[in-house]
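One structure is given below, represented as structure tokens, and several questions about it will come after.
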Amino acid sequence: MTQYLIEVRVKPRPGLLDPQGKAIHHALNSLGWTGVEDVRVGKTIYIDIEAESADEARTSVEEMCRKLLANPVTEDYEVLVVETAEGAAS
Amino acid sequence: MTQYLIEVRVKPRPGLLDPQGKAIHHALNSLGWTGVEDVRVGKTIYIDIEAESADEARTSVEEMCRKLLANPVTEDYEVLVVETAEGAAS
Amino acid sequence: MKVAVITFPGSNCDYDLYKAAQQVGGEASFVWHRERGLDGFDAVLLPGGFSYGDYLRPGAIARMSPIMEDVVAFADAGGPVLGICNGFQILCEAGLLPGALVRNDVLKFQSHDVFLKVERADTLFTSAYDEGQVVRIPIAHGDGNYEAERETLEMLEEEERIVFRYVDEHGHAVEEANPNGSWHNIAGIVNEAGNVLGMMPHPERAMEEILGSTDGEGVFRSMARSLSPAAT
Amino acid sequence: MSKAEGTATAPPVAPRHGDPEITPEIVADHGLSEEEYERIRSVMGREPTFTELGVFSAMWSEHCGYKNSKRLLRLLPTRAPWVIQGPGENAGVIDVGDGYALAFKIESHNHPSAVEPYQGAATGVGGILRDIFTMGARPVAVLDSLRFGDLDSGRVRYLFDGVVKGIGDYGNCVGLPNIGGEVVFDRGYEGNPIVNAMCLGLMKREELITAAASGVGNPLMAVGARTGRDGIHGATFASEELSEDADESSRPQVQVGDPFTEKLLLEASLELIASGAITAIQDMGAAGITSSASEMAGRGGSGVEMEMADVPVREEGMTPYEILLSESQERMLVVAEKGREGEVHRILEKWELEAAVIGHVTDDGMFRVKENGAVVADIPALPLTEGCPTYEREGIESVEVLELRETDLSEHLIPEGDLTKSFLLLLGSPNVASKRWVYRQYDTTVRTNTAVKPGGDAGVIRIRGTKRAVAATTDCNGRFVYLEPKTGAMAAVAEAARNLACVGAVPTAVTNNLNFGNPLKPHIYYQLREAVLGMRDACGAFETPVTGGNVSLFNETDGKAIYPTPVIGMVGIIDDVRWITPHAFQKPGDDIVLLGRNSGELGGAEYLYVTAGLVAGRPPSVDLAAEKRLQQAVLSMIHRGLVSSAHDCSHGGLVCTLAECALGDGEHPLGVDAELDEDLRPVVSLFGESQGRIVVSCDPSDTDAVLRSARRHDVPARTVGVVRDADDGFTLSVRDGSVSARLDEMADAYFQAIPRIMDATPATED
């Protein structure tokens, strides 16, 4: 068993209103950062998981996404295997 | 002026509690993913910004972080220049 | 007592505070967050609600409002500032109070009455209470979990700056009485000088029998008493 | 009016480049029948353009056009001296005295919530709030009426969890107290949840404003959020041509709510109305700009002309079709007074809201849409809003239901195991158990007017500066309606009125939400018709006219319809806040008096569902006259200060009602020692759900007065026991049986049932 750090990046789906991004964008503009064209907010979930292989780790996290971590209707997600206990990986 | 896509990754500071991460960890375990050792939840803010250079873009976003985007008491942050209108960058 | 109730976009307890101040004989006026200047006011109230929708972090965007410069100046000059719920969050974001309020540990909005112990009856916000008095006041928040670095937390205890604590009926600060996971059951704290109070519970919602409790009135009567002896 | 009808046909409009040919397929894809399409052609006097077809399909949809329900709705009583605004506006309005008027309305978001529970429910709340403040009223409270499948399914828990969070987050952020509602769990709603939200708003009578476009030349302004590609209907294959970029993902199936923007809209709208700078304002709800603009034109008997290029959009390259049909949230359409646009802009700018002039009011009765100057739609407004064909369908009761109703329940009369077990089982059934897990996620005290919070028989909001208060409740037992639609609907109205009477309010008016299956099926249309007839009779008997509501049809999954669920939202008036009465027992030593009679009915009872998974039998009968007498009796007792508590008897039968009176909100439980000598089987006595019963408690010195008052109102009444200390426990004995339990085990069953399920097992999406 090796330990993997997996990153799940969850983003609001394109076309959907992102009220939080909108509010931050508005705030940045009124604070004088006029160069800001758009702001979107997503969440990133960092998971330490024990698995036989990077693939196994990825597969189970992908299932977690479908079941729990991401909302298929409003969010897109991406699963990245960032590093193993031994160091950086795919 | 070029357009840059900047990614701000905001994470709960180590040591401070992360109720969301804790809850997800608990949920995953009780759904049978016993291999999960730890879960932390952060947010990622995607900013499209007009700037003269990648460095300029980075600098102003770093200022946004200090002023608004992250709370130094509870959060750490990291600023990544992901891509320019022309394509991937540092 | 002339009090300013600051209204931010998304504030929704501003009117309740306005009424509370009036009930104790105060003279209240709303100050829109884009206005400037707080001259002539004896106290400043930051209301509860969801300024800017609590987007990004509760209070994070509101604290950038123009009026906040004046609030900070007002506080630095020793003027009394009371922040309730979102107001407390704004005060922390603005650095007028230490620490931060993060998501309730239960991850659910908590709306119900709680018991609070008045740990300090010698502040200008609590003089109408007895030290150790247990009061019943509603809470309604999703981010009331008080957080700070260890040193800060210990300093707060050391300097006795914890004014309200969540307790059970009998005044014990037990875990079951803690609705949000706040460190040491913190419900409200003051700044070092004692002129800035932030609290999550809503005393302005406990001012009349018909609303279920009058225990919150003490906060406003205390202020009225110390700011305009004539008023009460 | 006459002018509008005068323009029988529409001037020619050149087809817009890129729009698809109109083929029978496209027409069908727009949910229009051949007859309806013919009707459109005769209205237009020509073939409609693609854009025009989209507009018709939206306005003549079930949601906006009430094709299958309008004729039935006409049967409902809608008038009374205190009704200021009946059906036809954004919300109904009644007079509540002291110069105040109450606007109230219920609306459904069933389908969106089934797709995405959190956003679906949240945007449902947003929509109903806008219906209230566009009348000029300040929203003061919300209620939510919810139904889901059984909680043993992970998907159901996911829906339940998300819907509650969505309703909470939205209402909490806007700053409205939730004062009540219902939550029902039954396999009949599996996969097809019901999410109905009700809102109450207060205003000074003179502040009432209605949504009729008037004043030729007055500018039409789009206010609030930008228009995106949210919830656009229309044929999917046609959608390819809809937008320059054919990226499907940019056409989301759900709308995302922004309660923060809603709060700004609310404040800005009330300020606009007060300023007098506007003549009309309406929510861009279902069918967006299309319905708001055409309804305004229709109501005003005038016309409108709009330029799509001037509509603030969220995305590039949106076509007129998309802009007209978008259902993006938190948008309003405002008719400003010509020359006062500046004022309007100033107010909106203060609230940091966007606004754009997108057109103006005309006098030619046409609904005209331009794109960069070129006309793309030109439709007679009145036929568009009023001309939707309406249908009377065939209705036949299903044999299946008929058989269920005739089921012989005698075998269930013999309790398997002991009665106390069944009692605790019932107390812990999510349908009977405390809904605290739900309403503790809702702000109930903001605005400092909440006199009775969720948990009682009805929520109560006091009217500051007066002695008065308004009470509100939502009710419906879908099982009863399923088993016998007319009786069930009457029961829903009766229970609502009873709940109001119990808190000390005089039942005054009704809004309703008809949640049904597919009305094209005879047995569903039968349910719909019978339910409306039941509502008509009951609302007539209680003098509670229907001032509005909403219809949600086609609530089916895999051809299986939900229970017919006509949710009744009823409001009542309390002239003196001192009359407000709690449902829980107040002090040991008080006598417990039962008003009304158990008619020995077990049909449709929760007991059958919990012990045998059965929904069968004849639902409890409803004697409207007796109900009315009962409500008047309890009201006069309350007004005379005779009773310490009053609680309506419903889910779980008398024993559960007594348990609720004993437990209260859990803080100061009290004991009960009661005996019921009815000539009925124990199960029926304890768990039967006969209508028309109220449990009151009173100081022994008042008991005689209470009994006499009941007699004077010709209401059966008898003392059934006394309130005791919690330590004395809870006992109710009936003929050949008894139930007795400790308060702590009861409290555990009652308060922990839902938390135990929801907090233990994570709610997953599949």
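Here the chain labels run A, B, C and D in written order, and each chain numbers its own residues starting at 1.
The rule is short, and it goes like this: a residue touches a chain if its C-beta (ideal position, glycine included) is under 8 Å from a C-beta of that chain, and two chains touch if they have at least 3 such contacts.
Quick caveat: nothing in here was measured; it's all calculated off a predicted structure.
J.: Determine which of the two chain pairs, A-D or A-C, is joined by the larger number of C-beta pairs in contact.
T.: A-D
J.: For subunit A versus subunit C, what separation do you get between their C-alpha means, in angstrom?
T.: For subunit A versus subunit C, the centre distance works out to 35 Å.
J.: Just curious, how far off is subunit B from subunit A if you go by their C-alpha centres, in Å?
T.: From the centre of subunit A to the centre of subunit B is 9 Å.
J.: Centre to centre, by mean C-alpha position, how many angstrom separate subunit B and subunit C?
T.: Inter-chain centre distance comes to 31 Å.
J.: Tell me, which residues of subunit A touch at least two other chains?
T.: Subunit A, residues with two or more chain partners: 19, 23-24, 27, 31, 41, 67-68.
J.: Touching two or more other chains, which residues of subunit D qualify?
T.: Counting only residues that touch two or more other chains, subunit D contributes 258, 260-261, 352, 762, 764.
J.: What residues in subunit C touch two or more of the other chains?
T.: In subunit C, residues 52-53, 55-56, 61, 64 touch at least two other chains, as defined above.
J.: So how do the chains connect up here, line, ring, star, complete, or something else (other)?
T.: complete
J.: Contact residues on subunit B for subunit A in the complex?
T.: 1, 3, 9, 11, 21, 24, 27-28, 31, 33, 35-51, 60, 64, 67-69
J.: Which residues of subunit A touch subunit D in their complex?
T.: On the subunit A side, the touching residues are 12-19, 22-23, 26, 66-68, 71-74.
J.: Taking the touch rule as given, give the residues of subunit D at its contact with subunit C in the complex, in rising order.
T.: Subunit D residues touching subunit C: 165, 168-169, 172-175, 258-261, 263-264, 350-352, 439-451, 462, 577, 580.
J.: Going by the contact rule set out above, which residues of subunit C touch subunit A in the complex?
T.: Its residues touching subunit A are 52-53, 55-56, 61, 64.
J.: So in the complex, which bits of subunit B are touching subunit D?
T.: That would be residues 26-27, 30-31 of subunit B.
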